[in-house]
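Chain lettering (A, B and C) follows the sequence in which the chains are written, and residue indices restart at 1 in each chain.
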Amino acid sequence: MGGGTLVEAKDVLGMSARSTSRFQPWGPFEERSACCEPHPLIRAEKLSLYYGNTPAFEGVSWSIYQGCLTALVGPSGSGKTSFLTCLNRLTDLIPGCRVIGELSLGDLNVFAEQTDVLQLRRQVGMIFQKPNPFPLSIRKNLELPLREYGIIDRGRTDHLIEQTLNDVGLWREVQDRLDVPALRLSGGQQQRLCIARALILSPQVLLMDEPCSALDPLSSGVVEDLIARLRGQYTVVIVTHNLAQARRIADYASLFWVHDGVGQLIEEGPVSQIFETPQHDLTAAYISGVRG
Amino acid sequence: MILLPNITLSPSRVDQLLVWILQGLAAFAGILVLLIVGFLMLEAFPAVRQIGFLSFFSDASWHPVEGFYNVMAMVWGSLLAMLGAVLLATPLGICSAVFCHFYAPTWFVEPYRKLIELLAGIPSVVYGLWGLVVLVPLIGQLHPPGPSLLAGISILTIMILPTIALMADASLAKVPSVYLRGAIALGLSRWTTIRCIIIPAATSGLSTGIILGIGRAIGETMAMLMVCGNVVQVPTNLFDPMRTLTANIALEMAYAVEDHRAALFFTGFLLLGVVIVMVLAVDYIKQRHTYA
Amino acid sequence: MHKSFGSNTDWVACLLMWGIGSVILGIFSLVVGDVVWHGLAGVSWEFLSTAPRDAGRAGGIIPILISTGLLLSICLVVAIPIGLGAAIFLAECTSEHHAFGRVVRISLDVLTAVPSIVFGLFGYAFFSHMLGMGFSLVSGGLTLACMVLPILIRATEEGFRTVPNEYRLGAAALGLSRMTTLMTLLLPAAMPGLMVGVILGTGRAMAETAALIYTSGYVDRMPESLMDSGRALSLHIFDLSMNVPGGNANAYASAVVLIGLLLVMNTLASWVAGHWLKRRMFWA
């Protein structure tokens, strides 16, 4: 993705959420912490990740602020997705994957021995590039995480399901067919269902790995609006190749780059800094489409 | 934030327990082989100690009642029957697979393959029955007595042919189609393509099939018992009756005691040893050769 | 056009292939046709529902069918839990390159290739003698369980491998426990694989003879308990043709019954593998 969409990005900066929300009857979100505040929630200290002996990224030191929407941009292979998977320790699932350095979520040391991974992942939801609803009904998809955490009262689960589906703007579309297989939904609907599935446990952090890139432009727009609306309610960390999108929705951004096949964090800061007054030559080159 | 109800066993602990149980079951399945090897060794040990390892190969004959334990006649019986069958079944099996892939009309391939699959599953007693009732009298008319090495080789060939044909079929299917397209583009004739490109590319799969066929031929008991005549002698021509190692065990186990019994377990142990060597060979071939 | 040497050999090869294909077809039609032709006449409701008389020369095979059924049931009851557990472990809890998983896989390969008479020896020494089960259905069933275990594990593992990885990642990202992931997502999707394994394993167990001679024994009476000796169908065929002069007719009839049962198993396996598997995975 080059910088060809930069002009377009200027036009719609911050506008798209508001402009389309008139047509999207979003339900009200549960009131939570105040909007984006410069209070670090996730802190990485010299974090490095290796697949076997091959490093994916090295020496990332960075803070991600609570309630903010933070975008990770950069070329393929620069370790953005690998960084994301550290945050909920999905790295445990990859054989031969080692993480060195420190990563904390609030007071919790993510990679400590005694950390309960299941509890961690409950606090940190994740959305994947390709929508991955389970091959169950829409209702079962949302019920599964609730049941897992002991909420089995039918009234309460139904209420939570309705509320969450409202939050992602899916309720109207599916309210009378909750028991059809989730795989029958369209791509965009599936992705919103996956977001709902992650939201239903009220996590603190949401990780998104290019959530719009496998969708058609129309669904992509709807999902993007939804993500923009999550800002302030959740701490969102999003990997995207779409610079215009990052500029539209994010509060903070960071640029990852590949040096000799190893990913590195080049620059991070408020979106305005990254896109308007980049401090690093590479950033300037990347966002204007000269490199990357 | 949804509060967790009190669970006495946390999900992580349940998971740990689950993995232990599953690992235990897998270990049990793996240990079974050791158990079998161990038991055969334990039962065969008295024979090796009392009779002496060498007497199995140097005694005057196999007359357990008089204390003679030469198994060589049966080893030759097993080997000759196996060799004959493999020499016949290998070219036939490979040709059958080639026929299936390159010559047979498409409507014919599926039924043909299904038939071979079915034949691979037909019990050895049924082949033995046919051999005993039809083939043996036929050979008897040609050259008395009838039950003979030839009958054994014929039945074994029919038995291992489907195994080899199916394995060859599968390995031909695995040859990357680019090889075939490349050959066609060069204008090579069908036979040249098969002989010079397809067969060499499928060698590892073909040899695996042959080794499996050898294993099955060596281990076959019932059919050999039924058609070979079971006379303990090294056959000097195709029409001599003979006895295989496996048939010997099945025949004499009923009344064998002490050293005799231990000697039979020793022959079982020999068979197992041969099979283990073959499986390791197959594993080695598979390790060494894969299409990327 | 000039006819080259190459196209000549091509033509010969073509002829040869067709020749070999038809020879193979011919041989097998001869064998199977002969057995079915001679056996089908003997198969009747009476044959299936009465006990054998005169050492099996006359009468039917009902006690033998019952014994076979009991042997298979014991075999499956023991083999399914162990096989399922081991398959889940191999497919979901260990990687291709992990030493323990590799060792277990190689031992299973060996187990697949062990000659049935060796299983017979083992069952005789271990179950019948050491554990004191004697010649009994339990002893035979357990020996069969050892034999079908690798088939069962291989097929079930294959079933788990057809489950797309996205489900595992999605479940892990939601913080679902392994237990829940397994029970709600993986197991239902892998069920057809297990079914195929069970059917194939049953087929192998049903065809087995050599492993049963010295474990479940020869007795052709109706078994009264699981500790009784009982004769399997394949063993009945062997005994009638080898040890009972004049037993050929009933041996043929029993062979037809056995082939029929195997045919049903085979069809079931390929139906489950093809039809149900596809439906489960893409039920949209």
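Some notes on this structure:
One rule holds in what follows: a residue touches a chain if its C-beta (ideal position, glycine included) is under 8 Å from a C-beta of that chain, and two chains touch if they have at least 3 such contacts.
Owing to the predicted nature of the structure, the values given are computational and were not obtained by experimental measurement.
Annotation of subunit A and subunit B: jointly contacted by C, touch as defined at the top. Between A-C and B-C, more C-beta contact pairs join the chains of B-C. Of all chains, A has its CA centroid at the greatest distance from the CA centroid of subunit B. Here the chain at the heart of the shown protein, by mean C-alpha position, is C.
Remark: subunit A and subunit B have CA centroids separated by 55 Å (rounded to whole angstrom).
Separation between the centroids of subunit A and subunit C, computed from CA atoms only, is 49 Å.
The centroid of the Cα atoms in subunit B and the matching centroid in subunit C are 16 Å apart. Multi-chain contact residues of subunit A (touching two or more other chains): 117-118, 148, 201. Of all residues in subunit B, those touching 2 or more other chains are 11-12, 15, listed in ascending order. Subunit C has residues 177, 180 in contact with two or more other chains.
Per the touch definition, subunit A reaches subunit B in the complex via residues 116-118, 148-151, 201-202. Only residues 11-12, 14-15, 18-19, 21-36, 39-40, 42-43, 92, 95-96, 98-100, 102-104, 112, 114-115, 117-119, 121-130, 132-134, 158, 161, 165, 189-192, 194, 212, 215, 218-222, 225-226, 246, 249-250, 253-254, 264-265, 268, 271-272, 275-276, 278-280, 282-283 of subunit B touch subunit C when the two sit together in their complex. Those residues of subunit A whose C-beta lies close enough to touch subunit C in the complex are 88, 90, 93, 95, 117-122, 125-126, 128, 130, 132-136, 144-145, 147-148, 181, 183-184, 194, 197-198, 201, 207. Those residues of subunit C that touch subunit A in the shared complex are 95, 97-98, 166-177, 180, 184-185, 189, 280-284. Residues 6-7, 9-10, 13-14, 16-18, 20-21, 23-25, 27-28, 31-32, 34-35, 81-83, 85-86, 88-90, 93-94, 100-101, 103-104, 106-122, 124-126, 146, 149-150, 153, 177-180, 182, 203-204, 206-210, 213-214, 234-235, 237-238, 241-242, 248, 251-252, 255, 258-259, 262-263, 265-266, 270 of subunit C are the ones touching subunit B in the complex.
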